[in-house]
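The data blocks that follow each hold one structure.
In the two complexes that follow, chain A is the common piece, with chain B as its partner first and chain C second.
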Partner chain A sequence: MVTQANPRPGPITGRSGPSGSPSASRGRARSRARLRAVATAALFLLPALVGLVFLRLVPSFDAVVSSFTNRLGELSTANFTFLFTDPQFLGSLKTTLLFSLVINPLQIALALFLAVALTRRVPLVGIWRTLILLPIAVPQTVSAIVWGVLFRPDGPLNGLLGALGIPSVPWLVSPTTALMSIIILCSWVGVGYWMTFLVAGIHEIPRSLYEASDLDGATGWKQFLHITLPGIRRPLLFVLVADTVANFLVFAPVRILTQGGPEGSTNLIMNFIFERAYTLSDTGSSAAATVVLVGIVIAVVTVQFRMLPGKD
Partner chain B sequence: MTSPRRVTRQDVAREARTSAAVVSYVINNGPRSVAPATRQRVLDAIERTGYRPNAIAQALAGGRSGVLGLVVPDVSNSFFSALAKAIEDEVFQEGRVLLVGNSAESAAREARLITSFVERQVDGLLYVGVGHHAPVQEAIRAGIPVVALDRRDRFSSIASVVVDNFDGAAMATDHLIAHGHRRIAIIAGPSHLFTSVERIGGWRKALKAQGLPDDESLFVEAPFSRAGGYEAAIKLFARGTADAVLVTDEMQAFGVLAAAADTGVEVPRDLAIITFDGTEQSMYSVPPLTTVGQPLAEIARHAVSLARTRTTERSRHVVCDVELIRRRSCGCTIQIRENHQVPTELADKGGTWRPPSKEDLTMTKSVGLIASASLAAAALALSACGASPSDDPNADVTITFVAPHKGVFDEAVAAFHEEHPNIKVEIQILPFTEIAAQTQARLGSKDTSIDVIAVDPPRLPSLATKGFLKDVSADQANMKDSLTAGGIASVTWDGHQYGYPLWTSDNFLFYNKSLLAQAGIAEPGADNASRWTWDQTLTAAAKAKTTGAQYGFAFEQVDAYYALQPVIMSMGGGAGLEGERNLTPAIDTEQWRTFGTWYADLYSSGLSPRGVASAQMPDLFKNGSVAFYVAGPARITDLQNSGLADKWGMAPLPYAAGGKVVTPTDSWAVAVSNFSEHQTAAQELARYLSLSADGATSTSTKFNLPPVNQKAYPKYIHYIDGVASKQTAQYGTLLTTDTDEHAIRRPSSVGYIDFETIVNKAFADIRNGGDPGKILATAQDTLKRQLSQYK
Partner chain C sequence: MADTIPRYHERRTGRRTLLIVIPVAVLAVAPLLWAIISSLRPGDEIFRYLSPVSIRTVVPTTVSLDNYRAVLESSFTLALLNSVIVTAVSVALGLAVSSLAAFALAMIPFPGRTVLFSVMVVSFLVPFEAIAIPLATTFRQAGLQNTLVGLILPAVGNGLAIFLLRQFFLGIPISLSEAARMDGLGWFGIYRRIYLPLSRPSMIGAGLILFVFQWQSFLWPLLIAPAPGVRVAPVAIADFAQESGVDYGQMFAAATLTALVPLVVLLFAQRQFTSSLASTGEKE
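Let's turn to the complex of A and B:
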């Protein structure tokens, strides 16, 4: 690649030579031009490719290798055997799947609802959208710490519930509510972000479609089902895939707020991997867990691509 | 020359055939230079006319009065009068005058003296302070240079000249030990004084080093006076416990001699005495006093020279060496009073003082009476050797120091850089909760960008086994010289040292006085004897909760094995790790389950705040929501600077009724990374932070944890006393008792990190209301699985 990325100076390649037939020289010039385009493209792609190789492919390969290496440095499946007999890993796998099953539909439904609502004629719509988008601009650690205070049993959220006459919720300190609390936090951060893509998609839909359907007497619900939803199929697919992947990789709130507890109820797989790698310095099984995670993510995303029809 | 009129500058100018301005330049040495010939002419003219510059007018015009002020606590004390004399000598040589004020150990009188010195426009102010913070701000504001003498406030920016009290006391005690004495008492000065605290520290260190007793029966506190010494001696004789005594002030020693004479105690046969200060008077007592001599002339020279520069942010602190002057009161057989001179001028600066062997003692009769104390010098030389990196001593290097303690190391690192200008130190602060994982991750990938790392000692075995940390056992002898045995033990694994310990730790029962008063609860006693049980504590906490405290009780370190291990072990439980190399978990025991239920109840009853993280706990206590609060001494300054100032107290950590008292111990150490490219420089920094008294004092007073550096310890205690004198009156004694008798360290094991991670999680699950039995059983299984890999 590097050797190809060596564009010739313009005057030589750009002009046909005086010798040779006109057509042959034209053909040569065309192929030279193509070569030059390829070379230019390669040159521009080079940094990204180098980054991809060294920051993505090499570490991934490394992780796969170390996942199949035991403590003595031999090739083995010991790490995977360990993982799939480890109650903590199996627990975290279960927790992660449950988390994904709840949070993805919830976030996308909320994002879609907000997107539709905020593309209507609502007063001060810009401000609302900004407010909903704002949490994504807050660093995850900061939002986790803020929510940590909000979630305190003697904190403001329970104070609010108390004022409304609702009994207080144990939030992060009970195994039954901790995962829900993490879901609330993550949705607070994520929904505005995904909403933005859907808002853009809705704006792409020609207004004339709505006007025409209005004349035909279609209701709002029908318009949503038959115009809006098909119209934003592509951004929706993106949001679905990206959100799913993002939620498989949730880490900071768990690490900061619960460290996986109480009783493993929020031990999402990323937290499990981090703890094995950096607290218990067991790189082998954490690499193996990472490989398992990547496998799951690829499988789920593939299914999602299949589920949404449409070739484009 | 008998002119009735006063001779003026004009007269001199006329006589010297020059202008009045030139005369002025000559008299004031400026501001313009004058040709030598002219200058001589003017000087001759001054001589002939008998001209005298008007000192008062000079003071008004030039702002220089030629007067230095000295405030001492007691002019009749032989040491202070000798000090005043030495300073006066120094000042006189410069053609200036010394004003001496006597504060009579009264802070109010001291303040008035300083004010009137400032009003008299003294050129410099020297003082021996009465309390912790002498009222010298007024002088500093007026631009007058200020120098503290004898008792220094190291933590202020005021320049100071002191002697090495710690080494002096240690040296004197060693000497008494060498004479064969085993029960060596101390008559100490008021414990709020820097000098007393340091001398007590030196005495204690010397005794501990030999495994000799240093208990309360050997300790008497008395004012710095003859009467004080007399009374203290009578007290000591009544106990009949001591066969030798270190008297920390010369005046006291005269009192002790008088008391001995009155009660038929023969010195040195029945009681050997060594005292401090070493003025001429001590030579003429009966018997002549063996004493730790202070180099008065040297002190005076430094003091007067420091008094020339204004007080700045980084003022100089001078520490002078002391020397042991051997006479007869210690048991040395020296017949003639030979050194009829100021001690310093006799000093044999070249010699190195060593505790004499027994044979030596009887033989020594003549020369070498005074050997300079070059312990400090030796230490200096040693660190200088270490400072030269084997490769290139002068190459500039930058090293990175990773620690979780924000602001604690800044001052020490700056001082280190001053001593080692070629080593630049960058401090990286990581949160307490993340530093272990981060260093693990970075060292695991052989990251060279960490040179020095702060490590919690139980984690050392694991890190050392992985080859992350440099083996620094070569420094073991140096560590033994300056650190406590417990401190060294905390960094030792398989007989090797893998780090330099900084501090030790302990937990105490802090309480909110207002909340206790509100509930009508008597405050817990501050000394070891009145230690409360857990039942007592939680009953009182529950009572406080009913009368307005939001929470009755809280641990600052929520779910932390460090804080809970003492409770478990006091209830009769084990440490949780046992067997060969501490690799067998044992947390599924009856005692652990008893503790689990106790811990669960603490939170389910609402006595303790469930779901509040450790980081938010201090605020909860400071804003008055918690009645009883278990935390370490690191909290002391913070509490005193908060809204809770003076409304808090501290008591010993409770124990389980019927069980033994157990307290936590050990604190952070600094280690050198094996992957560092600048290991020599890195090790030098670690040495400075741990082994040097200055480094250790600086970090321990910033962080409020007691240093394991024995020389820094008294300074730390003095500092704490200055922060919250009332609340910490028993603190030093309690800390010593806890460390010597009650402390149990966390188990040493390569699996400690795994153990702590899993156990802390179990504690969290129990706190959140899970079934303790089930949680401990699960954790036991997880631990077994996890630790089996190390076997």
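Let's turn to the complex of A and C:
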């Protein structure tokens, strides 16, 4: 892990030198300063821009082009016509939306709840935070394999339920519980991660605000509504957007554990796209499905930006 | 007296909070512990005691490091090393690139700034898995197949890290940089001497994003670096699992080793990341 603390005196660009005679017009000086700001901004942005253009935008453009290209290489909307009459695609769209509607509120509520709990004066607080954050560090291939064993009908989860006198759950083998099992696995991975951003946000709220409201006799719930929640608006917006995007893109657990089954009940859209591209070698409709997915993601994120008060 | 009452109150709620926190921590850790325990027992014993749950489910009959010895003598050691190198370089480069861009987007006034920011945010919404296929073709044409550079490059341009850092930079009082400009400090100086030192927690947050992205990546290495010499740990583990007659003991040993590196990183980063910004100077 590399951090860039300890500022050392380095080359300083754009420093205003001992230039300019006093008689130079202010207007010209100002426009020169603006030009210099633009040039500096361009230098700052150049590496990121080159990366984003060549690593994201160009391949995305390729995907859009191939989504509008039929098998004969002609410009056409055939891929989209196919998709929106394909029961498999419509089913995976429905599954993805259901998945998102359940997992996003669930993960964010849990993350927020834990973040509030772990910013109180709890003994050994750092240890609990780290332990809850640990699952994100495990490569997805590994967590999928471990949970695949936990979820086995004769596995430890059902063994545990049996010991508690609860009838066993079919987990990944039944269409009614498979999606729920994937949600459990993804939440096990994600909640601690999103919690960490919210913990950082709560720490940045000045202590004095809480002390003042303590003196006013405010309850914990009121403090949460009037101090904590407004205080973490920015990290919360970040978590909301990033978590939603991440959950639209869930792929590895589905691929490794269920391949979309049973009966398409876990066929999240990324799995559909993958199967179209790799198993069926249908680049066109896989690209079209990607375009649809990106469109949905952008629409949802735009609404989220609007929902939270204030710009940025 | 007025001082002691809230403190007493706080300590009590803190203890009560433990009743919620400890079970959650156990839930988070239990599957990992189980994988670690499984890595210490012979492969054929892992599935024998799963159900009904008994003491044997969690306590191996024999504890041995044979699985680890076998894994470390295999090509997995090289895969682990590749993962460490690729991830470390990705995080360092990614942080430099992202923080520079985020600073320009947050602080330097230039025409088209909002549009550029939108383009950058939208670009990270494009699923990387989806563009991986056309991108892999381009990379092969550029001769980047089976190179560490080919593995590192896609992780460097990360819109999510830029987004996070920009959000943070916007929260730093503008009066600080205005005062610095009055004193004749240029934009790079403000970035380097004011914003970077104040942004330690956010830099670690962004570093965490870059780290997780690269450490977890699976599809991209599979496409661009299939050769044994540049294989990374997640791919090697998947190879383990896909072997016929997989030795689950060795697989869990490899998994445990792969989780060890992030564990060390997290133990360091978590504290820094969540540490309060006591030195921000003034608040909005």
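Points worth noting:
Note that the second predicted complex is superposed on the first by the 264 of 312 C-alpha atoms of A that agree within 3 Å, B and C clash if a C-alpha of one lies under 4 Å from a C-alpha of the other, contacts with A are read in each partner's own complex, and residues count from 1 in each chain.
The definition used in the following text is that a contact is a pair of C-beta atoms (placed from the backbone, for glycine too) under 8 Å apart; a residue touches a chain by one contact, two chains touch by 3 or more.
All of these numbers come straight from a predicted model, not from anything done at the bench.
Shared-chain residue A:L160: touches chain C; no touch with chain B. By the touch criterion defined above, A:L114 lies against chain C but remains apart from chain B after alignment on the C-alpha atoms of chain A. In the superposition on chain A, A:F274 contacts both chain B and chain C. Contact with chain B, but none with chain C, is seen for A:Q259 once the two complexes are overlaid on the shared chain.
In the superposed model, more residues of chain A are touched by C than by the other of chain B and chain C. When the two complexes are overlaid on their common chain A, residue A:R152 makes contact with chain B and with chain C alike. Of the two partner chains, neither chain B nor chain C is touched by A:D243. In the superposition on the C-alpha atoms of chain A, the part of chain A touched by chain B in one complex and by chain C in the other spans residues 149, 152, 154-155, 274, 277, 283. Across the complex, chain B meets chain A through its residues 436-438, 440-441, 444, 462, 466, 550, 609-613, 616, 753-754, 757, 761, 764-765, 767-770, 775, 781-782, 785-786, 789. By the touch criterion given at the top, residues 71, 86-88, 148-149, 151-155, 170-175, 259-263, 274-275, 277-281, 283 of chain A touch chain B in their complex. Contact residues on chain C toward chain A in their complex (touch as defined above): 6, 10-11, 13-15, 17-18, 20-22, 24-25, 27-29, 31-32, 34-35, 46-47, 50-53, 57, 88, 91-92, 95-101, 103-105, 108-111, 113, 116, 119-127, 129-131, 133-135, 138, 153-154, 156-157, 159-160, 162-164, 167-168, 170-171, 184-189, 191-193, 196-197, 200-205, 207-208, 211-212, 215-216, 218-219, 233-234, 237-238, 241, 251-252, 255, 258-259, 262-263, 265-277, 280, 283. By the touch criterion given at the top, residues 1-7, 10-16, 34, 37-38, 40-42, 44-45, 47-52, 54-60, 62-63, 66, 114, 117-118, 120-123, 126-143, 145-147, 149-150, 152, 154-156, 158-160, 162-163, 188, 192-193, 196-197, 199-200, 203-204, 206, 211, 214, 220, 234-235, 237-238, 241-242, 245, 248-249, 251-252, 270, 273-274, 277, 283, 287, 290, 293-294, 297-298, 301, 312 of chain A touch chain C in their complex.
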